[in-house]
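Chain IDs A, B, C and D follow the sequence of writing; residue 1 opens each chain.
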Amino acid sequence: MPASSRGDPAPVSTVATDAEADSQAPDPRLIADLVTANRILYDQHVVDAFGHVSTRHDKRPDRFLLARSMAPALVTEADILEFDLDGNPLDSGGRPVYLERFIHGEIYRARPDVVSIVHSHSHAVIPFGVVRSHKLRAIFHMSGFVGAETPIFEIRECVGDGSDLLIRNRELGAALAKSLGPKAVVLMRGHGVTVTAPTLQEAVYRGVYVDVNARLQLEAIGLGAVNYLTESEGRATAAVQATQIGRAWDMWKMKVEGKL
Amino acid sequence: MPASSRGDPAPVSTVATDAEADSQAPDPRLIADLVTANRILYDQHVVDAFGHVSTRHDKRPDRFLLARSMAPALVTEADILEFDLDGNPLDSGGRPVYLERFIHGEIYRARPDVVSIVHSHSHAVIPFGVVRSHKLRAIFHMSGFVGAETPIFEIRECVGDGSDLLIRNRELGAALAKSLGPKAVVLMRGHGVTVTAPTLQEAVYRGVYVDVNARLQLEAIGLGAVNYLTESEGRATAAVQATQIGRAWDMWKMKVEGKL
Amino acid sequence: MPASSRGDPAPVSTVATDAEADSQAPDPRLIADLVTANRILYDQHVVDAFGHVSTRHDKRPDRFLLARSMAPALVTEADILEFDLDGNPLDSGGRPVYLERFIHGEIYRARPDVVSIVHSHSHAVIPFGVVRSHKLRAIFHMSGFVGAETPIFEIRECVGDGSDLLIRNRELGAALAKSLGPKAVVLMRGHGVTVTAPTLQEAVYRGVYVDVNARLQLEAIGLGAVNYLTESEGRATAAVQATQIGRAWDMWKMKVEGKL
Amino acid sequence: MPASSRGDPAPVSTVATDAEADSQAPDPRLIADLVTANRILYDQHVVDAFGHVSTRHDKRPDRFLLARSMAPALVTEADILEFDLDGNPLDSGGRPVYLERFIHGEIYRARPDVVSIVHSHSHAVIPFGVVRSHKLRAIFHMSGFVGAETPIFEIRECVGDGSDLLIRNRELGAALAKSLGPKAVVLMRGHGVTVTAPTLQEAVYRGVYVDVNARLQLEAIGLGAVNYLTESEGRATAAVQATQIGRAWDMWKMKVEGKL
């Protein structure tokens, strides 16, 4: 509880701390973009009432920003909380936080290159998490980031049968991060997908297109043997698409703002 | 017909009866929620012009609340009727009632734990009611309530060939309740699905996600052998999701109210 | 051109003819309903810019009402024309008429019981018109009218290879009517479907649900051997659903009127 | 920079050049239609934030009109640029242009009959570009223009493994045009589709219906052996549909203008 709300005179040290805290506050534009990201992911059918998106703190790499526990479509700037990498909210004001915040903290810890993470139960990816006969792979140039083989996190290997399949502690978060390895995408058996990216905009893009890729794969596999992107085509297409993401972000943003 | 509408002085006994009736009237918030449930189920494509949702009376467990025969999307509070478990409307004012109200009455009778029921012809579940090669099963953590095997009610076993497939009397309602047994979901061959839950909000959630589960199963089966949730994973995920349902309900409610 | 618009005094004989014509004019409510039917079929994705719906004239069974050649979504009362069964418009004012009006005229001629016809290229039915491995059949009680086997009209049997697949004259209309026989539905290979009904509202209902039935069949066939409705279940369900169609029509009408 | 904006008296030669330029300016209605085409293709789910549509200049067959690099849904008349067939923008004012403008330039060069081109990543066509087991073929009369066999452009045959799959120079544009040959449609492996037409309206129509055709084929192939349109049926249906395209264009235009 801050001093001012207890009716006490603010001690000098607290003022200093506040000033320090201000200098460490995340860029308001980043918070605004995170709100937009939540709304885009709902509008693009990546999340429904469940799923979440985070971004690493722009000034403190040992912190990340994530909404309080709520439907992404309804998130506003006041709902964005700051967490440390252990998944502790810095100032939640008693508001509930996502059970699965450890997905974010442990991947940010394990992968310094990752700046944003989307976790969803996006429909088309679920089948690829529950079969062994086909791997989720890049099928077209819009989703080269999927690469040539997507790992599947099997929670039974960590906790055996009978879990609720949720990443509800640091150990499970770390195990998921290990499954992810250096990749952009990890499937979670019977649960969903977690997608990482070097920017918030790109994480949203990847959240959208990993689902499109899965849908296209489902359909192509029904037709016959699929000629997938090679590893190097995946890298080349991912590199060029990364330069085009603003085009999608700007349009999706206009759409959720009712301007399209 | 109430006394006041006949222009007669209200006799004491009637006043007493009215007071008694008032003390037994369902909570207006329950009626409001049932209206919302109808509209959500339409908005989420669980029902079209057909299908219905009921809730057990909050003060009289031998009664349930259900709209008069009409499209769910158009239901208002004035359309909610009270029924006894035999399927008799208490005060319908001559308005037509659903032919299949016996689905509700007989399940409430057989299953004291059930507080709400959704009956729909939700598209993705239909195929699972007409094949023997695959059972509807929980494929991801959002639909653990589906469990490891969903019973199929075959009306031909009750009335032979040539029926209209409707649960149009108490006997058929009881037979359906028997097929359901202690489960949350029962498929009806060539007809639809009936879903039960311990709360109205959860029945709506289950009505939505049983269809999502069926869609995901259809797609996964096309890919190969499916690694389903185990029985105990189904129980554990259903238990934790039950605590999260408000998040979906609140969002769906805002959507049908035009606030999202 | 009416006399009044030529500035001439109206001769007695013309007045008499006008009065006679008035007594034979279709019920304005029927025309209004036909406009609504056009808009519902678009809104429910049965037709896009192509496809049409007609109704038999309520006073002259040798006439039918059909819009001029235009997108169904845009039809207004002024666009409804009257045709004889040969497909001649009575007073088109030079406006283009549908090439395929012979579908309607010849079915009305061959089937005195038919009061309304929907012709569409509704997506899910197309696959059932181009394969021999599976017949379009009733899979659930909402579409019992589909029956146990749907005929396929193969235009090559009439005109050989190289046609434009359109029913562009009376002979082809009569051949299609012959394929239809006493059924409610006939598929047209590589083209679409034609659905008949004893009322306009029921034709719209059937136009919607024949497509739903096809979609569900496509999915069920992917799962395994399908337990279809029997012939007698088809008849029984069709009979009971015919009594419930107002519920769907009223809701669909409210939707296209922006009231839902 | 025009003379007037430099504050200098306009020299005679510049005036003459301006007049000449004016006489060669594209018809403003063509530019307006190209804006509408962009918006229709987005609204009909042919393009998302990516994909483009061009039309040949109406007065200079060695030029074509195409938006600057942006999401098609947001294109306005001010965004339409003029290009020569080498893919050089005439007056882009420094605004970025599409990397893949060479698709357009080289097809216009190779095919004098082509007046408009749509390039998209339309979902249903992608599977047909990555399998050899089934060719994209005309399955119903709305898409006779697809013909009996659609070529697939394999960029690996030009540049080997490791490309970004984009048509990013004249050589690749020419190779794509060669794959297209005299056809209306060419698939691009792991990328999308390019559709040509003799008018802008028809290119939009074909962009929409090539995707519908692919969707219907995917579903029909799941049912069994498909009875496709023959070559001559494809030609006959394409010829008659070409006369009906205004009906679709007008409706789609009203829809993007909010009038439907």
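Keep in mind that, in the parts below, a residue touches a chain if its C-beta (ideal position, glycine included) is under 8 Å from a C-beta of that chain, and two chains touch if they have at least 3 such contacts.
Keep in mind that what you see is a predicted model, and the values were worked out from it rather than measured.
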Shared interface numbers for subunit C and subunit D above half of all numbers used, same, or below, different?
different
Once subunit A is fitted to subunit B on CA atoms, what angle does the rotation have, in steps of 5 degrees?
90
Please work out the Cα centroid separation of subunit A and subunit D, and write it as a whole number of Å.
35
Any idea how many Å lie between the Cα centroids of subunit B and subunit D?
50
Two or more partner chains touched - positions in subunit C
222
Should the pattern of chain-chain touching be classed as line, ring, star, complete or other?
ring
What pairs of chains are touching here?
A-B, A-D, B-C, C-D
Show me the residue ranges of subunit A that touch subunit B in the complex, using the header's touch definition.
48-50, 69-71, 73-74, 99, 121, 123-124, 126-128, 130-134, 161-166, 189-192, 218, 221-222
Complex contacts: residues of subunit D adjacent to subunit C
139-142, 144, 212, 215-216, 219-220, 222-230, 232-233, 235-237, 239-240, 244, 247-248, 250-252, 254, 260
